[in-house]
Structures are given as C-alpha cells and as structure tokens.
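We call the chains A, B, C, D, E and F, going by the order they appear; numbering starts again at 1 in every chain.
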C-alpha cells in the first residue's frame, strides 16, 4: 500500500528537481514516497519547442530508470507536458502532466481561470494542452516575458510581475483562479493567493495529488490503443 | 489535518448512500473520514431533468447540514452533477461532482473514452457536463435503456448489458477507457475491467480523490465571481 | 384556436410577474391569452446558482398548475433558463426559455451580439446557455455589477450603466445587437435602442413570440428521449 | 398593424412558390398577409452551389421588388439560406432563412435532431448553416439521394425514403426531432410525424413565424456593421 | 506540362485584375502562364454581401470562359472567397480562394495570426472562411474602416492605418503574422513586413502557389459529392 | 533563385528517405533541388509516442545539418508532424509537416475527407494535428492495424486493406477525398485514386509544394513569438 511517485524534472537543474519534489509533498498523504528524477543530460531549462524535445528525452530516461526502480507513478514537472504521452506508453503506472492536472484542478474551483506563464513564446505550449483538454473556453493564457532560467533559484523577485498580469486576467478575462504556468513558480502560491484573493493552482502539486488518487483508485493507463506499450523504449540505431 | 468529506447522495434511497460512501472509501487516505448525506425528502432516484431539480434541492439540504457539522469537502454522487454549482457557493470547502471528476480522470489515462449510462433520456446530462468540461472531442455517450431504480440494490445483473455497450464504444468510437454513467454502477468496476481489458472509471471514487487532493493542496473554491457566497441559502418566501 | 401562454416568473416578486407578462404582450397576436405565474414560495430574485435551484422549483410548481389549468405553452422568464428542461418534460405544450429565445432572435438580425447582464457572478448562466445553443462564437457576455433585486421596481435608473457596457461591447467585441440579460430590464428596450442605434432584444418577448409560433406550427416538444414525460412530477418522499 | 411577409422562392418554378406560401400560412396570424416571390429568371430548382448563385440573384431581385411594394419582412425559402445575408442588407424589415429558422425551432423542442435533405451533394449547405448557427453539436445531416426537381409537384412519393433515413437518424444519431432539408418537402410533415412519432420541423413555416415575431417585437436587422445598407443594390457595370 | 492559371477578379475594375495577376506572378514557376479574368458586368468592388452575389456571378462567368479556353486552374481573388465553391463544381481543374489560401499559409509560419481587412462590415466574410477552415482558434479579424473602392489604384496611402491595426493585433491578440484582408492590399506586403517585423501573407500569391502545387501533384477537385459537376452552368429560365 | 529543400525522414531507414524524396519530386518545379535527410541514430520507423520523441531528435539533427549546408526549406516526412515546431525555431527557412500540408491540401479539393493511417494506436497523432489545424469538423481518422515497419519496402501489398477502409470513410463518414496517413504509403496514390474515384492526397508531396510556394512568395517563419530562434540548438549538459 505504500506508494512511490517520481516527480520528473525535464531539465538538468537539480535545484529545480528539489523544488518540484517539495511542491508535491503536501499534496500527497504522508505514506506516499516522493522521489525526484533529473536527467543526466539535456537542457538547464525548457524555454522553446527545441528544448521540449530534449526535455522529452530526459523524461523518458528518468521513466525508464523509474520503471527499473519500481516507481508506481509519475508526475512530469514541465509546463506544456512534454513527453507525457510517451511516458504513458513506457510506465506501468499512471503518468500525469503538471499542465493537464493544473487545468483540471482549476476547473473544479472556478468557472474561468487564466494561466500566467513566463516567456511569451511558450504560450503555445499552454494552448496545446488547452486543445487536448478542451478547456480553452474557460481559460486564457498570459505571459510575463521572463526566461525560465531566471527563476531557477526561486521566483519571489517576479511576484510583482506575475501579480500584475494575473490582475489583468481577473479584470479583463473574467478569470476567477490562477494557474502558475511554470514549475519554477511554486514559491509564489502563497503570496499570490494573498495578494489576489483567488485560488492559485500549482501544477506539480495538482499532478501529484492526481497520480496518488489514480493509484488509490486502481485506475491504470489504458493499453487499448494510444498508450499501448511501445515496441521499443530506446533508439535502436 | 484529519479531514471529513461528505458524499452527498441526491436521492432518498439510503442503500445508495451506503454504496457511494463505500465506493469512495479506497480512493482517499485512511485518515480521511467519509460521511454520507441522504436528503430527508426528494426522489428515490434521479431519472429525469425533473428529478434533477429535486436532487439539487436535496444536495443543498445536505450541504447546509454539512456546513453546520464542519464538513471539509463534498462529493456530489449524481451523474450529471446536479446541484454542484450551487453547492460550491454554499460550502466553505471544495465540492466536486462525480461526472466532472470521472471525465477528468479518464482523460488522464486514455486518449478517448466513453460514458455508458442508464436511461437513454439521461444522455443529455452527460453531454451537458461534457460541454462544461470541454471533453466532448474525446468522449462519446452511450446508454443501456434501464431505469436507475432497477439497480438500487446493485447492478451486477446489468453487467452483460453494460459490457456489450462498452464493447461497441471500444470498437466503433475508439474508446480506450470506460466511464460508468451512474453512481449505482460502482459494483461493476472490477468485473467490467476484467471483461473489457480497459480502465473503468467510477466517478464517486474519482471525485473523492479529487476533493481530498484539493484539501491537501489547500486549493479552495474561488469566491471571485461565479461561486461567491450566495445572498441566501434557503427560500425566503 | 385561441391559445393561452403562461409567462412563468421563477421568483416570488409579483411586480416582476406583471412586468414580464407586459413585456410579452406585444410579441403575440391579440388572440393569444397571456397569464403570469408566480411561485407561492421561493426567492425574491435569482442572483446565484443557489437561487436558481429554488427558481427551478418555482417554475415546476407553476407548470404543474398550468397543466391543470389547460395552459398551451410556457415562457420561462429567468435569464439562464433555469428549470426549462424539466418544464419541457412536464408540460404537454412547448416551453421556451427567455435566454435561448433572445440568443436565437439576436442571431436573426445581427452577425455578432452581446449579452449585458446584472451581477457579474451570473455571467456563467449566460455562458451555459451559449454552450447549449452553440452561439458562443457570435456572442460575448458583459455585466454591470448590480443585484437583480435593485431593479425589481424598474430598471430605468440603470440605463446609463447598461448603455455604457453595451457601447463597450459594440466598440470592442464587434457586437451589432444587444441582448438584455435579465427579465427585469424590459423597460430599457426603447431608450437603449435610441441611444445605441442597434437592435435590443428582450428575451421574454422573444420567447413569447417563439412559443406562439411553435403552437401555430403545431411543433410540440419531442417525447423521444431527453424530454419524455418524467416518471414523477413531485418529490415522492 | 397589418403586416405583409414575402416568401421568396429562389427558383423559377411557380408551383414551388405556391407550395411555400401555403406552408407558411398556418404559422402566422390571420392578419398577416403572405405573398410569394418568384424570380423572373434563374434555375428551376437549387441543386448545387452553382444553382445557389443564381438563386441568390433571384432572391435579391424579389427583395428589391418587395421593397418597392412595401413588404414588411421576408422568408427565404431555400434550404441553405442562399442570399439571406445580402437580402438583410437590402431589406428595411427582417429576413429569415428557412434553414436557420428550422434549426432554431428544432433546438427548442429537442436536445438533438437531424436534417434529412435530398441530394447528398447538398449536405454541405446544411453544414454551412450549422457552422453559422453553432448547432453542429446537436444536429446531424443525412440525405436521400434524389434531385430536388423530382419533388417539384409534391414529395409524397418519397415518404418511405425520407422516413427510412429519419429512422436511422433517430436510432443511430440520437435525433429526437426531424428537420426537413428542402422547401419542397412540406407535404411530408404530417405523414412523417405520424410514422416517426417525433416532431417534424418545416423551415418555411418556422421562418414565417419568426419573421412575424420579429415584426411584432419591433426587432429590426442591425445596421451597425455586417448588414448595413449596401452602397448599391444592383450591378453597376 | 506548361500550365495556365486564371486569376479571377470578381469585380469589373481592370486595374484590380492587373494588380492581382501581378501579385500572383512571383508565387508560381516561370513556366506557369497567368491570365486575368475580369467580369464583363458586375460591381466595381466587393464591399457587401450584396456585392458578393454579383461577384460570384462574375466569377462563374469567367470560369465558364476559362473552361472553354483550356485554363488549368483558378485563383479567386476576392477576400471572402465568394463563388469558390460554385467554381469548383464548374471547373475541370482546381480552384483556390485567396482567403483560404492565405489562412493556410499563415498557419504554416505562425502559431497565431490576424487578418486586417478594410470595411468593418466585411469582417463577417473573414469569419465565414475561418469557420470553414477551422482556424478561428488561431486568428483574429480586424478592420480599418475604409471602402475597398478607395484602394483601387493602390493602397500605399493606407499603410499607416493598416500598420497601426496590425500592431494592435500583434500586441493584444498575440498575432505573429499578418494576413492582408483584401486583394487590393498587395502593394503593402513589403512595407508592412519591414515595419512590423512579422510575415505578411498576401492571399492571391498564396492561392496561386497552391493552385500550381495542386496541378503539380495531380490532385483534382473531388467529384464524389459536394463538388460534383452541376446539372447546369447557367440560368435556364 | 534555385532552391534546395530537404525532405527529412525522422527514422533511420534509408529506403524510406529515398521514397519520400521521390514522392516530393513531381510536386516541385524542376529547378528546385531536393535532398533527403536521414538521422544517424534513432528508430527504424515511428510507431508510438515514444518513437516520436526519437523521431524529433532525428529531425533536429538533420535540420541542424541542413542549416550548415544552406538548405532553404524543409519537409518533415512523418505523419503526426513530430519535431516540426522545434524545427521551425531552428531553421532560417520554412518548415512544413506532411500532415498539416496534407490536411490543408485535402481541404482545397473536398468538403470532407478522411485520413487512413496504419497502426490504430497512431490515430491520436492525426487527431493532434487536426486540433492544431482546426479541421476536425471536416475530417475523420481511420486505421488499418498494420505496423509501419511492414511497409518499409513498399505498401502495395496493403492496397486492399487501405482501399477497404477508405471506402468505409466515403460511405459512412461522407469523405470525398483521402489523405494517406503515413509517408510510407506514397506508392498507393495512383492505384487508390483509380479504385476509389476520389482524390488521394500524399502529404510529402503536399508539403514539398507548400515549402516551395512559401519560398517563392518570400513568406518566412515568424520570429515574433512561438518560433523565435531558440537559445540553444543542442543539449548543453
């Protein structure tokens, strides 16, 4: 009954891994073990579609390692959910992306909500998950134009910028809750919630709760089609 | 830290309340207390939009009682999520409908899925929640044409009918997971999963896991608009 | 050939009933009798999802009474169309909600249009009907943040506020017609039309015309599924 | 207060004009005068997009004539609503297409419905209006593959074919009402309704009721943008 | 192997025909012959739905002529693609509208983009093609409120106005490329591109490239339904 | 003026590279040079989301090589368009995926169409591109359940299976054109076209024509946001 969930950081920055594991901690019962996964090679942060490719490679590397170590389920801690579908094919247990989890969570507490993400160029990653989840009619996407790398050591210095953009989402888009659009923004949950007076959803915590819930329910990834086990798990040539 | 979640049965059939509390049990940690709520007046099952109105009245009655008793969060155990939005206004803590929870859960484990519900006339309740959640592009709705009342004492005698309809969803709609479209079908999870070989999602369990997760994350219902506390909680005239 | 249409007010404020019956008058032929329906118990205005539940109970109460009195068709005079689907199950004749009627009417005279409603928190009721009717791609929703109760005796004192919001819809959303988002705004039709220079659609009148038209065409509510007669019309326990 | 509505037949077949005027008769009050409009030149039936162009020319010719004769409103009696938007620019009074009217009418009496049209190649005309009205999520389109010209003198010989296709829509698509997808099918309303047991919506009658209702409400076509009066009403070169 | 593509101008202004043929020139290989088509009668510019009807008549006249002259494919040079579907029925070879071509082209180089068109009243023509192509989730429509006739001799005097509206699309809508919403704006491609720093898509060139590509691939218009050859190509009465 | 387009094969099977370069040949003018790109490492065919990750790595490897060699534009020859968005960031010139190109091409010649792909599990890749392009309302996806690897040497032995599935799409889905859902099916274009009597669109050819057209028009990938040049082109750790 004791479960182990790996929180997979798609980038190589270990401080980020520590931060996302910490973010997930309060969202799961004490009996659930959390481990972090950091790719041995890749990119220090995911700021582009190009970075997303390397991020996906890193996710698969960590899931393969997790499968050997007997991990029960996975959180993919990258806004945009890069590698999640491939990881679902590979893993025996459930895999949840922080973006889909954050959107579903926000939808349970607010009629409309907004993502505030970092580089404007990454907005399309949010739109992509909104298309997959179908929640585009209830969610807008906004960005403060700051590189992800700048918050590697914490995001508190961006509190004002995120709060200002979130306030615009509340006033102009009718947002009633906020989704943090980057795994590196977790330390803003409390201060933003106080300043804005609306729920602030952090996707890594949301995903950890959902993986734990899936394990509790015994609901596994379907093998009936899209996520059937792949023929191979690594390049063969 | 110990939480109490009320599983609200919108109908007056106590056997159903016992069944939905049982369905939720495995989905939440042992430290979480589950209580059932059964309306003192209303309808014995919800089979129509008319019944849904009385079901919503019953849900509000139970949530009012729960608020006085210090309940931390609520599951609304009626496929179609009748009363959920009103309950969100009333309750201090989170409220999750079994339908939205089931759809979000299925979306985490399958690219496409199907609801199998009971009376064909209630299909529109599923379509309504699909419009709210935006998942219509990934989910079809099918019905076996049996009244809800017929499964008040258990649904095992409908296993063949549900399995047959689910098999059509898999073959013809590309469904890769099944959502049970009625709180009374919970005892079919195991036998259906074995027969069909795809995940079977039961919404009460799914909702219980999500309420527990929201409480763990400290994500509350937004008060910024749609779900602000209502001016009154009961008829005033 | 002489028809009787009941205009059902979902709240208990008789002045509102008189106003909505008056609003419907010019929209139907002289030979059509209009009667008002006011619930014996409930809420004085509908300002929340919670109020909507009591509003639906009131609608059903009045439709049951109307069925005994031989009413031929019903208008539900509550923006958001609470209770309409249940009323369709109960009534022998057609039932039209003021919201769906207003949206369809606006769609016949304008490519794009806007709803201006009262409390911002009720915007979701408009969005819900937009999802049902599919007209979200042609309609935006705006609110002046005033309680419905404030206009119980007439809305002329809100003319400036509504006109200002409507002007923003015309300028910023491309709206070419206006839909009044509350049954209590009917007295604004003329002054708004003059000020704005665009058609102003009042939903009670729109719904009355549509009920009368359905009766003239002999088009009844379908009994083939969703709106089949319900097993029971009142709580049984 | 006495109104004149022109039912515009887009084709040159006078028997069709007579039939569509007759179809509209019962849908409007006795005090409303109905006149038919038949283009002086054009095509004998509308069976293609090419025919639709000539149909639109004929609609505009008749609306210009109607404007000189003081007509108050117009029904365009061609499934696909060819020329309706141009006619809205030209006419002082409201213009309603039979397709949009039929779809809105069906949406008031059924959760889901189906169009049965004639040549399969004209299905796209229905889909086009479904995109405009947004009702594609509630309506399917089916065709019996018969030329429109074959029913110029009445459609009773196609009753079996239409009924069979409608029955498939009911069984397979969940349709709860039927929309006749051609102005020439009006004589099938009664026999189909009896055979199928679901409402059968005829668009010319539906549109006539809606034009009459718009006139009664005093809701005119918006001049604020899309349907502003055109600079010219006829070719200038 | 040498191909002839006709660029059909839907209006009677020969200077426009020359301009659109010139706009297409660089988009096709040197071996492809381009000819212009100007209707013998019609309207001098297309500024309304009414004009669109005459524009469609003009398009069909020219396609009929082109078919007799052995033309291999057609570009319809009218934003809104009036007559394109009818022309597809008539022509042996492919027919591409400048609007659909521009939207598809923009979608290949930008995640989000905007149309800037001329009279605000013609925005609906863009929305119509966005509904057909499905690209509404990636494209907004803006207008400078100038008649098409004003740019018959060139659009350079509107550069500031178009650039200002495009800049708003980039800043407020997240547009990353611009689609010129009128065949008469072709001379703005270069100066706009320099000023805005984003790709500027001109639809006539885009459509010419696509017609040439279809001919190269041997992909013809489907005759299997919607675009089957029409029974007649001209009015018969 | 002479251009070089690289057709990037995402897998390591050189016979496939040769086949896709050949498929592109007739779609571009004689003056356009085509080169093939085959990843030095990766997977022999793309049959899963896991394979897609390696395929994307291979695409990026080849685009980096192409950029050094002065390639002007790229076709990504993998149904599902893996790596296309990252490649757009990296390449100076345009990048077109075979899937988006095939869907846009089919949309120019048919009102509705269908993809027939190989392993059923890869249907989701088609749905993903349909969501991006917005064409889901006009396209269905079908699969014959055969591994991609089985057609590495040619697909003629699957002609019957593909034709049978395509015939079902034509009869049941209203498809009027066929899109081949795999780069390895190019040799079926001619025989399928003859058998089915509808256009058969091959995506590599379609994409090559579009890249060539973009180069001719001088329309480059937007750098204004989503596809701005990435900070890094390779893993840095």
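Definition applied: a residue touches a chain if its C-beta (ideal position, glycine included) is under 8 Å from a C-beta of that chain, and two chains touch if they have at least 3 such contacts.
Everything quoted here is computed from the prediction, not taken from an experiment.
Looking for a copy of the E-F interface in A-B, A-E or A-C, one arrives at A-B, which has over half of the same contact pairs by residue number. Counting C-beta pairs in contact across C-E and across A-F shows that the higher total falls to A-F. Rounded to a whole number, the gap between the C-alpha centres of chain D and chain E is 30 angstrom.
Look at where the CA atoms of chain A average out and do the same for chain D: the two points lie 51 Å apart. Work out the mean CA point of chain D and of chain F, and you get 43 Å between them. Shared interface positions of chain F, defined as residues touching 2 or more other chains, are 88, 111, 120, 123-124, 131, 136-137, 174, 225-227. Pairs of chains in mutual contact: A-B, A-C, A-E, A-F, B-C, B-D, B-F, C-D, C-E, D-E, D-F, E-F. Residues 26-29, 31, 88, 94, 96, 100-101, 104-105, 107-113, 133-138, 170, 174-177, 197-202, 205-206, 209-210, 212-214, 216-227 of chain F are the ones touching chain E in the complex. Remark: chain E residues 120, 123-124, 127, 131, 136 touch chain C in the complex.
Interface of chain E with chain D (complex): residues 12, 41-44, 47-54, 56-57, 60, 83, 85-86, 88-90, 120-121, 123-124, 128, 131-132, 147, 225-228, 230-233, 235-237.
Those residues of chain F that touch chain D in the shared complex are 111, 137, 174.
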